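Note that chain A is present in both complexes that follow, paired respectively with chain B and with chain C.
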Partner chain A sequence: MNLRQELEVPAVSTEKKKPLKKFKIDKWIPYLFILPSTLMIVTFLFYPIGTVFYYSLQHYDISAPFYNAFAGLDNFKKIFTEDKLFFPSLLTTLKWVVSEVGLQLIFGLTAALLLNQKFKFRGMVRSAAFIPWAISGVLASVMWSLMFNEHMGVINDLFMRLGIISESKAWLAGSTSAFISVVIAELWRGIPFFAITLLASLQSIPEELYEAAKVDGANRVKTFLYVTLPSLKNTIVLTTLLRVIWEFNNVDLLFNLTGGGPAHSTTTLTMYIAEQAVHGSNFGYGSALTVVVFAILLVFAIIYLRITRYDREGN
Partner chain B sequence: MIKTKKRVDRLLTFNLPLLVMLIFTLFPLYWTINTAFKHEGDIIKRPLGYVPASPTIDNFVTAWTNVGFSTYFKNSLLVGVCTVFIVLILSTLSGYALSRYKFKGKRAFLLMLLCTQFIPRSMLIIPLFIIFKFLGLISNPLSLIITYAAVEIPFTTVLMNGFISNVPRELEEAAMVDGCNKLQAIRYVIFPLLVPGIVATSVFTFIYTWNEFLIALMLTNQQGKFTLPVGLSYMMGEFNINYGALAAGSVIALIPAVILFAYAQKHLVNGMGGAVKG
Partner chain C sequence: MYTKFFKTVAATSMAASLLLAGCSSDSGSSKEANTKEKKEDPNEKVTLTFWDENAGPQRTPIWEELIKRFEEKNPNIDVEYVGLPKDSAKAKYDASIAAEDTPDVGSVQTSWLPEFALREALLPLDSYFDKWDEKGKINKGAVAFNKEIVVDHKLYGVPYTQNLDILWVRPDWFKEKGTKIPETWDEFFTAAQQQTDKANNRYGYTIRGGAGGSFQLQRLMYAYSGEKDYIKDGKSTINNKKHVEFLKKYFALYKQNTPQSDITNGYKEMIAGFDTGAVAMVQHNIGSFGEHKEALQPDQFQAIPLPKTADGKYVAEGGNTIGISVFKTTKHPDAAWKLAAFLNSKESQSYWNQQVGQIPTNSDVLSESWVKDSPHIQTAFKVYDDKETILYEPPFYLPEYRSILDTVVDPGTQAVMSGKMTVEEFLNEWAKAIEDAQKKYDEHFKK
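Here is the complex of A and B:
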């Protein structure tokens, strides 16, 4: 009896403990599961961003480490008062982002509307139309540089055959034509993003809305304005915002097609930072420029979401 | 009369714009392929040949063996495959946590994922260079693999969350009743049903790593470690550009991305629509 009691006591106590322990592990499972991702994101995204703010207040030049020291706001002062490239690059950035996002949205929406119709080989045509989305900025630069080239470029050849120009032009050498050329090349790569997201959104508009519009005698333009466009609003707001940030930061084509030239006419702020980072060594100054860019984007995002009254609940 | 009017209408508002769009999209691709198959002399000869007069694969041989595209290709492949592997494991775990559990801090985690989407990528290049220089990983594929995984995980987590939510919870409960533990239930029951989602996530991640330029440029300074975009960019910056080999190298770099994209396009459209909407 005694022995049995002795045996039973621990048995009971372990049984009591077991569910408790299990309950605890279950509680920790989601945290265990998100831990690796969180660590990666914090260490290699958030921490680096944090250091940018730190370095922006430092004199930090990897080619002259003896002069590294706390700089206070010197770097920022230099940006706004001495730097002759800052304001022109800001203006170029504005031109670049507005023309890219505006044109991509218009053509992307057109493409989505076309691809949403019923027609033969629709799947294949869709795949073909989306291809540039999968192509890198560097590859697009190569392709378009082959076409824009003064001596062997097909654009000169076509334009001469059509009688638009009488002799070959170096499209990437003039400041206006260089800008337009890069805008077209980037447009080629950017339209599919809008086409894909807007097409997905178009497919989710209930058919009844269109039937109701038809019953009410609305024509195509009115149906588009009062049924299609309002239904797409949230997608358009979010995709344009993401795209503004993306185009603001995208330098692949600028870097490879024009290198920011001629005479800095295609140097956006990000291109300027990339130049500083890749070819320069003054990381303190580069970091300060980066902080300014970040502030501009942040203010833009907040204002944009306010003005458009982006509604999360509605989705 | 009415029928012809309708037909003209459809031609002007549908067929014609569609045709223009397709030509604009496909012609640059065609021209690159056309250039890649031309002899060196034919490339600059006027009038321009819109089809290669006598097609040759010389440019491909040059690009692959002499210019270093075989090395760039291998580097890109290594970085891509490793990144996909890491991203899949981590985003399946975190996506699972999001889809199956209610826990304190879930909103904070989601908010953190959302915030990453607004981080300008160009902001990262200077601090990442400093960090990886400190770790001694400049020109090491590991630095790219880690960075790409960190950049991709937020989006793929949201994608995987969506895909996992589509798998009925009862299935895995049944497996656990049958004696599987949590990880076994994920491995043997959820995983097979997630294949379409895993394909989409892998393709999305792989194409990103295959195409990424600025970070790779910043973190690599030995030619032997270049990925394809950096290699192509390097070739474009040379004084005497070999256009035939450049075009051939582009076609080489193009093929895997386009094939993968064509294969997974449908999943991507659904996934992206869901991610943008959700």
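Here is the complex of A and C:
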């Protein structure tokens, strides 16, 4: 009895200690902390994105509000069936993204490998290599437009001295040369992005791996293929994904150097959206184009991350 | 876990929408207050916003000086100057009207008036203008034109300057070669060839192939054809035979007698070509006088009218004026009108037009000596005062008019110049865009 009583005491006492139903501030504190940022995100990100989806279903032209009306899927129908510029712009975008991201990755990786070596004035060379990244798009485009200039551009001068061309050329005036010129300008600006991130990743590869490779008799190429590249995989996947989205949406250099011309030869989808919505003030159609771009990028991101099995093997 | 997450998102969304709704209801009440606020205390301290549609190092200081003078005369009114770059000014106005966040007063091109009036963005100025003691001095034709082109025939802009498209030429080069400055279109094409000397980096002409090139093209086409109507019985005259003929000759000049980079030329590049001595002739308006004056010697530039049509007539585009408008959202219409009237006064018009080099609309200024001593303004008078001159009127009232020029004509020009499109295809596309816009307009407004 005594024993049972002794045993029952704690049971009774725990029942008595059960908390009363009262407001628990602790439970809400995390939500209160994230409330300001959530509000900001909802207001400045979700709400504008929502309006883009909403306007994509409307005829919405700010210079002709009296024509505004619900459009249903008309804008999308027009994009895929009537619009003569949608598919050419999509093709230009693909050419632009593939050439930019591919070349930037190759040159960026090369620069990172070089800057990872030990040599004199390495710090200075590293800083100099990252300068293009710090220059604003507008400044870079002014600089490049002067360099490409038909009458006083340094590129013409250089090529003429080297005997590559015999008379001055307007590099931004021809369909092909304009595209190549802008690709070069953007390449110059984009290489440091890959160089910085890949260099940081290179520095985090454990030295033991290289030592082990050396012991196993791997040469430089094999070390690069079986140690360096696999260690960089996650960084490469992530940076290329970011850069693809970035270049897909890029407008500054294209807008300032060629304005999408001549004759739409450098009009990417984003430039086309700017032309329709900003110049043409047709925000309904521009929104529908934006929704299509969003869908393309979303599908690409999902497929890309699946194919590359991002984060499954590296970590 | 997920339920909690969605509850949080839902709660924050509601809070955000309440926040947004709060904003909108607030702006609604202030809008109401605007319309109710009719009577103004003349001594009340007010601030007006003024938008300039062609800001830059040349014109901004002129407006700033005029605003300074106005503020000295009206110490209770402060004016905030906002300069818009020429190429994006229309888009900025469009966005501000859509957001009901317009300035109090603005410099507005006449061609924008019909659209702004349709969108009910502007304040009718008739009652103010009728009471104004200088009203009789403002160019009656220009005022009547501004009323005629808007849907309700009210006065929405008081023109302070008039412009004209002309050719700027290098008289010294013509003298050097012993050739004639062109008066006819044949002479123009011959001169473009004669003045070209690629070895010395000299070209006879420069084409505006980039932004804004559509205006140049349209004005040249009509000057060549002498066509008075832009739209006849629902059909656009853009693709008529004369225009096809002209553009074939005109685009044949590209690369042969013009710089290769012309295909991407905007206003600045085109003018720079002339002012740096690379080009013998450029089509623009008398408003670029200031730039030429700074870059060249007086005997190195001259304004000549666009060549006459085959039957000897000058052609000019109607409505080539810029006016001062007051926007409906202003809380201080009386003060806004005061500024509008000041900017159209004899002194202000004289100062502005003399600096820029355009034609004043205030008759008192026309008798001033600088007007008589400005050869380029006299050239403009030669065209405007000629009774035979044909004034054609583009469909400014079509809401899509401007966007057709920007998104169909400008890229189309480049397509023709780069050989991707024929002149016929280009003009047919342009004509169709205008006809479609006209049809849509008729269906909506002339039911």
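Methods note: the second predicted complex is superposed on the first by the 281 of 315 C-alpha atoms of A that agree within 3 Å, B and C clash if a C-alpha of one lies under 4 Å from a C-alpha of the other, contacts with A are read in each partner's own complex, and residues count from 1 in each chain.
FYI, a residue touches a chain if its C-beta (ideal position, glycine included) is under 8 Å from a C-beta of that chain, and two chains touch if they have at least 3 such contacts.
These figures come from a predicted structure and were not determined experimentally.
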Which of chain B and chain C A:Y31 touches, first, second, both or neither: both
Touching partner for A:T43 - first (chain B), second (chain C), both, neither: both
Which superposed partner A:N282 touches (first chain B, second chain C, both, neither): second
Contacts of A:I196 with chain B and chain C, given as first, second, both or neither: first
Partner chain in contact with A:F255 - chain B first, chain C second, else both or neither: first
Touched partner set for A:V142, first chain B, second chain C, both or neither: first
Partner chain in contact with A:T239 - chain B first, chain C second, else both or neither: first
Greater chain A contact set [chain C / chain B]: B
Contacts of A:H151 with chain B and chain C, given as first, second, both or neither: both
Contact residues common to both interfaces of chain A (with chain B and with chain C): 31, 34, 38, 43, 47, 149, 151, 278
Interface residues, chain C side, partner chain A - complex: 8-9, 12-13, 15-16, 19-20, 91, 94-95, 97-98, 115, 118-119, 198, 201, 209-211, 259-264, 276, 278, 399-400, 402-403, 406-407, 411, 414-415, 417-418, 420-421, 440, 444
Complex interface listing, chain B residues touching chain A: 14, 17-18, 21-22, 24-26, 28-29, 31-32, 35, 43-44, 46-48, 89-91, 93-94, 96-98, 100-101, 103, 105-106, 109, 112-113, 116-131, 146-147, 149-151, 153-154, 157, 182, 207, 210-214, 217-218, 228-230, 232-233, 236, 243, 246-247, 249-250, 253-254, 257-258, 260-262, 265, 268-270, 272-274, 276-278
Of all residues in chain A, those that touch chain C in their complex: 31, 34-35, 38-39, 42-43, 46-47, 61-67, 149-151, 167-170, 172-175, 178, 258-265, 275-276, 278-282
Of chain A, residues touching chain B in the complex: 27, 29-31, 33-34, 36-38, 40-41, 43-45, 47-49, 51-52, 55, 107, 110-111, 114, 117, 119, 125-147, 149, 151-152, 154, 157, 188, 191, 196-197, 199-201, 203-204, 234-235, 238-239, 242, 245, 248-249, 251-252, 255-256, 270, 273-274, 277-278, 283, 286-287, 290, 293-294, 297-298, 301, 315
